[in-house]
Amino acid sequence: MTQTLATERTASPTTSKQEQELATGAPAREASSITLEGVKKFFNRHDIALDGVDLTIRPGEFFTLLGPSGCGKTTLLRILAGLDTANSGVVKIGGKDVTEIPSHKRSINTVFQSYALFPHLNVEDNIAFGLKMQGVAKAERDRRVRDMAEFIQLSPLLGRRIEQLSGGQRQRIALARALVCEPDVLLLDEPLSALDAGLRGQLQVELQRIQRRLGMTFVFVTHDQQEAMVMSDRIAVLNAGKIQQLSTPREIFERPTNTFVARFMGHTNLFDITSRQANKLETPLGILEVETQTQGNKVLIRPETIEIGPDAAQYANQFTALVKEHFYRGSFIEYRLQIGEVSLVALSSNQGQKLYNVGEQVLISVCPEDIVTVASED
Amino acid sequence: MSQSSFTISQRRLQLRETLHLLWTTAPGALWIIIFLVLPSLYLVSMAFMTNGTYGQPGMPLTLDSFRQLAGFGFLGWSPGNIYTLLRSLWQTLVATGLVVILSYPLAYYITTCRVSLRPIMLLAVVLPSWTNQVIRAFGWMNLLAPETPLSNFAQWMGWIPPHLGLFPSNFAVTIGLVYNFLPFMILPLYSAFEKLDVHLVEAARDLYASPVKAFWTAVFPQTLPGLLAGVVLVAVPAFGMYVVPELLGGGRSTMIGNLVATQFTGASNWPYGAAGALLMLVATLVGIFLLRRLGKRVGGGEEVVI
Amino acid sequence: MSRRSFKASLTIYWWLLLFFLYLPLAVVVLFSFNSINSAATFESFSLRWYRELFSDSQVLSALSNSLILAISSSVIALLFGSLIGYGLYRHRHRKLGWLIILIYLPIVMPDIVFGIADMTFFVRLNSLTGWLSPGLDTMVLSHVTFEIPFVALIVYSRFVGLDATLFDAAKDLYASPLKRTLHFIIPAIKPALISAFFLSFTLSIDDFVISFFTAGPQSSTLPIYIWGAVKKGITPEINAVGALMIGAVIVAAVISLLVTHRRPRQDS
């Protein structure tokens, strides 16, 4: 058998069989739930990292904490890991209160952003570190490290020193080092942010597969909303130490509850609601017909829901817009439109249709069920 | 969880951190306090005491030692001590200046060599200073003694009278100081040159016709923090040097350190010696303070670490 | 002047300066093999002075004093100094100005003042309490004092070079405080501990001034012995002691160079 480098994901029949064995062989621990109740953390009077977080993470879930830098997501992760203590609130793992339990006594492992591999140990000893600290016997330890190395396709690297490895290899070893301990929960702190785009995409898929196969609870921290949507079962969007929305990726993208979430997920068409009637909302754009009314004083029109051209005539909420700019983006076309005083962004999927030129007047429409109302950020 | 309970746990955490700081740093800090700070304070206080019969300090408190240090003795005022002090300052100044001039090209030269060679070159420069300073001074005594090639050459040139050597002399002390402290200037200058923006120097060489002007406009300002660090490392210990003037100066070219030491070895006048030691301490601290201020003024404040 | 000739003259200058730096040492080594008692003329090669050296009980006792002093003071300084280094690192976000000043104090204090202060202190303490008569004990106490700062700074800078999340990783991977120290902290800073020990050892072996003032009548070290001999008059036997000490330093330097080259990029 040729020694392919582990970064190549060649799904040879042998490896997939081994993976299956590892996955179907009874997991050492049941996946655990996590409950946070009123968790607060501040570093001083003016530096509040977490401002009362309540959330429940289900057993076996791929859960993502998403938010801009400084939103408190890493602090939350460190509190879960036991590396920081909350100023108030309760942390429960598998129903057990672990608020006062230090990190080394929690059945939780972390994949750190910088990987944090021990420079004085080689790959094998790095992976074995957690088992050794738990007092696992040498024979058992060696077997588990070897199995893990095979599972993650790193066997040829076991004898290497850390400084001889590439970023992607280090990432996998950090993952292996955490997984080999078979924790109740695995925490991942922006583990892919230091990798280049190609490798990142590949590892996103791989991480998700590993999580499904092991059925372990994963808590993933990222600032990249694309990454969060690809990988997660559920996402909590954080800002200023508070959870803004907690839901499935689809729900968060399509039905953001407030303008922060909407903007963070990449939406830009937000308009004030000046007055409302039964199924009609008055906005600077004009009167909009909507399907259902929710709370909120802003209306969100997602760019990809805007219909442009002759098809637009089929729907309600028709407007004539002026094309100010357009950008050809391959699979879709981005239009910057103007209706009266109001600017609007529309994404039209590219099916080889006619492109509208700058200065052209086009008919657009928005289906009432695609219009969402959102709350302003408080 | 109530408001009060988390402030308690927060306090407990802070207390634990403070205890950690204490148990890690206190033993070593106490060691330095007991075996350096307290003895220094005792020495300083001794400067204000009266010299007893057997050279032991005692009461009452007096400023006699300082009068003695300024040159007032039983036979009226003599300029000997003032000369010693001036000689110390002069030797420090000359040695530091020479060390700077000798180090600049060398530190630059090392940065132009291959990266793999540099640690070996630095080691080669530093290695002699790892040998005992008495042996190094002894080496120079051998080299500069009468009848040696160097002394014969100096006689032939008419620099020194016949049958004498280059040692003992002020000149030998200067050589000894320069030799002793050269590595202490080369190392910080080298790290300054290593961080130097080479493109800036090349631009300066293109812009200004003379290399001298390029040096003053591009190189010197960038290496100034390293230079100041080097001056602290050289001038401060050079001023307090004991071994070199004692061996190479041969009794006539003494510096302040020798004056102080004599009061504790031969002459046994501790308060007088303590007054001299106090003067040295003050001069050292003032020197470091001034150079640090200067270092902060030129912007590289962080780099002048001492 | 062209760039090439500029570089060439710098190369010549480099070799001249090396000559200047090694000349006094070379003279000591050369004359240690001189068959006659002269510092000016080398007659013929002989091991006479080495033979005399090794039959001189004073030299041998000075050597053993130097070694006892260097090893015991370095061990103590390693313990206290690395604790300070760790404390400085763990609490680097606090204001530790007083501690920094305290640590730099032994480095900036003129040797002569340091030595005299300790001498007067020990003499006074001895006359008051009867403790600590001048000898190897007092020398160890003083040597530890000037070695602690160097150990602390070396260990501190090694800690700073480590990725701070390694401490979190060790906790995260079930290491209790004791296991963290044994399996992570000590192995991770081992290179710094080794170089700190060797630096302390070298500083102690080389120190003359502080040793000179804190020594007792029976605790002469090699530098003190050499000093006494030099002051009495130049004897070729000193050349032999000097040559041996120079040789030891060169061997130590070559070893340290080999050690650092064998394990490149420790901190990457």
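Going in written order, the chains are labelled A, B and C, and every chain counts its residues from 1.
In the analysis below, contacts are C-beta pairs under 8 Å (C-beta built on N, C-alpha and C of every residue); 3 or more make two chains touch, one makes a residue touch a chain.
Small disclaimer: the values here were computed from a predicted structure and weren't measured.
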Chain whose Cα centroid lies nearest the overall Cα centroid: C
Comparison of A-C and B-C by number of C-beta pairs in contact, larger one: B-C
Euclidean distance of C-alpha centroids - chain A vs chain B, Å: 59
CA centroid of chain A to CA centroid of chain C, Å: 55
Whole-Å separation of chain centres (CA-atom averages), chain B against chain C: 17
Chain C residues within the chain B interface of the complex: 1, 6-7, 10-11, 13-14, 17-18, 20-25, 27-28, 31, 39-41, 80-81, 83-84, 86-88, 90-91, 94, 99, 102-114, 116-122, 124, 141-142, 144-145, 148-149, 152, 202, 205-206, 208-209, 213, 222-223, 226-227, 230-231, 234, 238-239, 241-242, 245-246, 249-250, 252-253, 257, 260-261
Partner chain C, residues of chain B touching it in the complex: 17, 20-21, 23-25, 27-29, 31-33, 35-40, 42-43, 46, 102, 105-106, 108-109, 112, 119-120, 123-125, 127-128, 130-143, 145-148, 179, 182, 211, 236-237, 239-240, 242-243, 247, 257, 260-261, 264, 270, 273-274, 277, 280-281, 284, 288, 306
Sites on chain A touched by chain C in the complex: 78, 81-83, 102-105, 108-110, 112-114, 116-121, 129-130, 132-134, 163, 177-178, 181
Complex contact set, residues of chain C against chain A: 162-163, 165-166, 168-176, 179-180, 183-184, 187-188, 190, 265-268
